[in-house]
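Encoded as structure tokens, the structure appears first; notes follow it.
To keep things simple, chains are lettered A, B, C and D as they appear, and every chain counts its residues starting from 1.
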Amino acid sequence: MGVLVDFALLAFLATTAIAVVRTTNLFAAVMLAGIYSLLTAGLFTVMDAVDVAFTEAAVGAGISTVLMLATLAFVGSRVKTPQLRITDISAKVPVRRPVFPLVVVLVTGAILIWGTGDMPAYGDPANPIHHHVAPRYLEESEHEIGVPNVVTSVLASYRGFDTFGETTVVFTAAVGVMILLSAMRRKDRFGEERWGEESVPDLFRGFAPTFWLGQDGRMRAPPSQPGEEDEGGTP
Amino acid sequence: MSDQIILRVATKIIVPTILLYALYVQFHGDYGPGGGFQAGVIFSAAFILYALVFGLRRTHRVLPTWVVRGCASAGVLLYGGVGLASMVMGGAFLDYGVLAHDPKHGQHYGILLVELGVMITVFGVMVTIFYFFAARGREDL
Amino acid sequence: MSTVADVLSWGFLLTGSFFVISGGIGVIRMPDLFTRLHCSGVTDTGGAGLVLVGLMFQGGLSLVTLKLLFILGFLWFSSPVSTYALARAALAGGEEPFWAEDLDLPPSARIPGFSPRPVPGEGEE
Amino acid sequence: MRVLGLYNYWIFIFLMMVGFYILISRRNLVKKILGLNIFQTSVFIFYISMGKITGGTAPILVEGAEAVVYSNPLPHVLILTAIVVGVSTTAVALALVVRIKEAYGTIEGDEISAMDNQIPF
């Protein structure tokens, strides 16, 4: 029974992935990616990874889709195709048929599939992964940690360092987004529109970066004085 | 969005439910599926839903930017602080066993605090990212 | 007793699956967004509801059934709202409903009393 | 039976290759990010499927039950964190795309490089 559900979900996943390749509308592609995430969450449940399924359903189908849609609000949902030119440069840069990537992908896939011949079968209890540290976690967790959910005990206690690192990475990602998106186009006190270094979040004011992104996206030296608008301003 | 009474009423009913559910996921994570990462994401999803229906300006009033930004760093600090506390109490970094007389209770406290830190960070980070994406290019915010 | 529960559960599950599948077929076959939303409603209400009731019979009188009830309530609350939001967004975005005249039917096949396509600018808010 | 045991891996490789193909063949940056996400998710499913034991159950210990087989919790932990980190890094990538759009006015990779290299078109 589980095998059937597994097969059906995998077939759905493959279909959705092909649909993401084929569609030329980014809006549809983002929605398909959300469906893809939800199917993945179902597959995780079948594979007994309830915690992971939970996370994937919340993150992949929820937050990720919202962020993608927020991006599409800026970049538009159309993709350049041989029939559709979007900007005036599009007419001058031809769309090439991706033949070489297809060959690369087919060869890589063939090699990987050849490699699966040495893999242990799916769901085999003799799989080497089940005879390393996992049995210890499952057996000792109850005496050492006393938390029924082994995933929680491994996540927070046995591999606490790992999770600490991941939390820091998540935090760093937020800092990166802040720095990238905080350069707001705003009027300075002389009434000129400019990308200002004053919009670097207050949190980082103390160690404000020694560069800022100019209007054309290139890195520039910071203006030496806030008053000298003509040198550091928009080109 | 001001005339969409159905969406507004529905959101007002759903958002507290989502927040409550996130807390359930957070504190029930020891006994069932759940934990800091999921709870943080669900908690932030509630505020993102609120922002989608009621607009960013009202959400900023409910949850100012400095609060979420502080949350993002406070969670990591809480996590590291638990590690330092266990060092001060005489154990290794993130060795929760020394936090209480009984090592098992210490582990409980440690996991609770660490998961809380993860939740606060993930919540702060997700809402911060959403705020920055949503406010981009809008002069009125 | 458990046999009765099993039979009832499977009956509900199969009926629910039928609704889900018919909703899916409708979403593919219907001509425009609004009629498709109409079809997906069957999946949200009848399909999901019956499948969850079937699962409740499997769960028996336990916490699982209570959780399933919560899911059912949440689903029946949120899916009409999301359908409404989607339809409204489509209308605001300029999506044209599919009118019977678009089918190119002979006049004899028209439904009597069926409102014709509104003239643009008239009768709109 | 051997094919049944390997079928999952083949689908993961297929998904991974679909993601890879989108990444190297499509010029649109948002499409590339979607391809990366598909690639990433295929690796996630691969990890999780390694931890599955046939007839096993979720690794949440049941009181008093002795003969219960639990699936391996270790891949779950690794992937659980990787998913959240994945969405954070995706957000950084999307922020870069927004900045590129503002700077160049397009998000098609070939047009951006044509503008950068000042190719006389």
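What we mean here is this: contacts are C-beta pairs under 8 Å (C-beta built on N, C-alpha and C of every residue); 3 or more make two chains touch, one makes a residue touch a chain.
Just so we're clear, the structure is a prediction, and the values are computed from it rather than from any experiment.
Summed over C-beta pairs in contact, the chain pair with the top total is A-D. Note: centroid distance subunit B to subunit D, computed from Cα atoms, is 24 Å. With centres defined as mean CA coordinates, subunit D is found 32 Å away from subunit C. Averaging C-alpha coordinates per chain places the centre of subunit B 35 Å away from that of subunit C. Centre-to-centre separation of subunit A and subunit D, using mean CA positions: 8 Å.
Of all residues in subunit B, those that touch two or more other chains are 31-33, 35, 37, 41, 122, 125, 129, 132-133, 136.
Residue positions of subunit A touching 2 or more other chains: 50-51, 55, 59, 63, 67, 70-71, 74, 148-149, 151, 155, 163, 170, 173-174, 177, 181.
Among the residues of subunit C, none is in touch with two or more other chains. The set of touching chain pairs reads A-B, A-D, B-C, B-D, using the touch definition from the header. Across the interface of their complex, subunit B is touched by residues 50-51, 53-55, 58-59, 62-63, 66-67, 70-71, 74, 144-149, 151-153, 155-157, 160-161, 163-164, 167-168, 170-171, 173-174, 177-178, 181-182, 184-186, 201-203 of subunit A. The part of subunit C that touches subunit B in the complex is made up of residues 74, 77-78, 81, 84-85, 88. Taken in their complex, subunit A has these residues touching subunit D: 3, 6-7, 10, 13-14, 17-18, 20-21, 26, 29-30, 33, 36-37, 40, 43-44, 47-52, 55-56, 59-60, 63-64, 67-68, 70-72, 74-75, 79-80, 86-87, 89-90, 92-93, 95, 98, 101-102, 104-106, 108-109, 112-113, 116-117, 119-125, 127, 129-130, 133-134, 137-138, 141-142, 148-151, 154-155, 159, 162-163, 166, 169-170, 173-174, 176-177, 180-181, 213, 215-218.
On the side of subunit B, the complex with subunit A involves touching residues 25, 29-38, 41-42, 44-45, 48, 52, 66, 69, 72-73, 75-76, 79-80, 83, 93-94, 96, 103-104, 107-108, 110-111, 114-115, 117-118, 121-122, 124-126, 128-130, 132-134, 136-137, 139.
Put simply, subunit B touches subunit C in their complex at residues 4, 6-7, 10, 13-14, 17.
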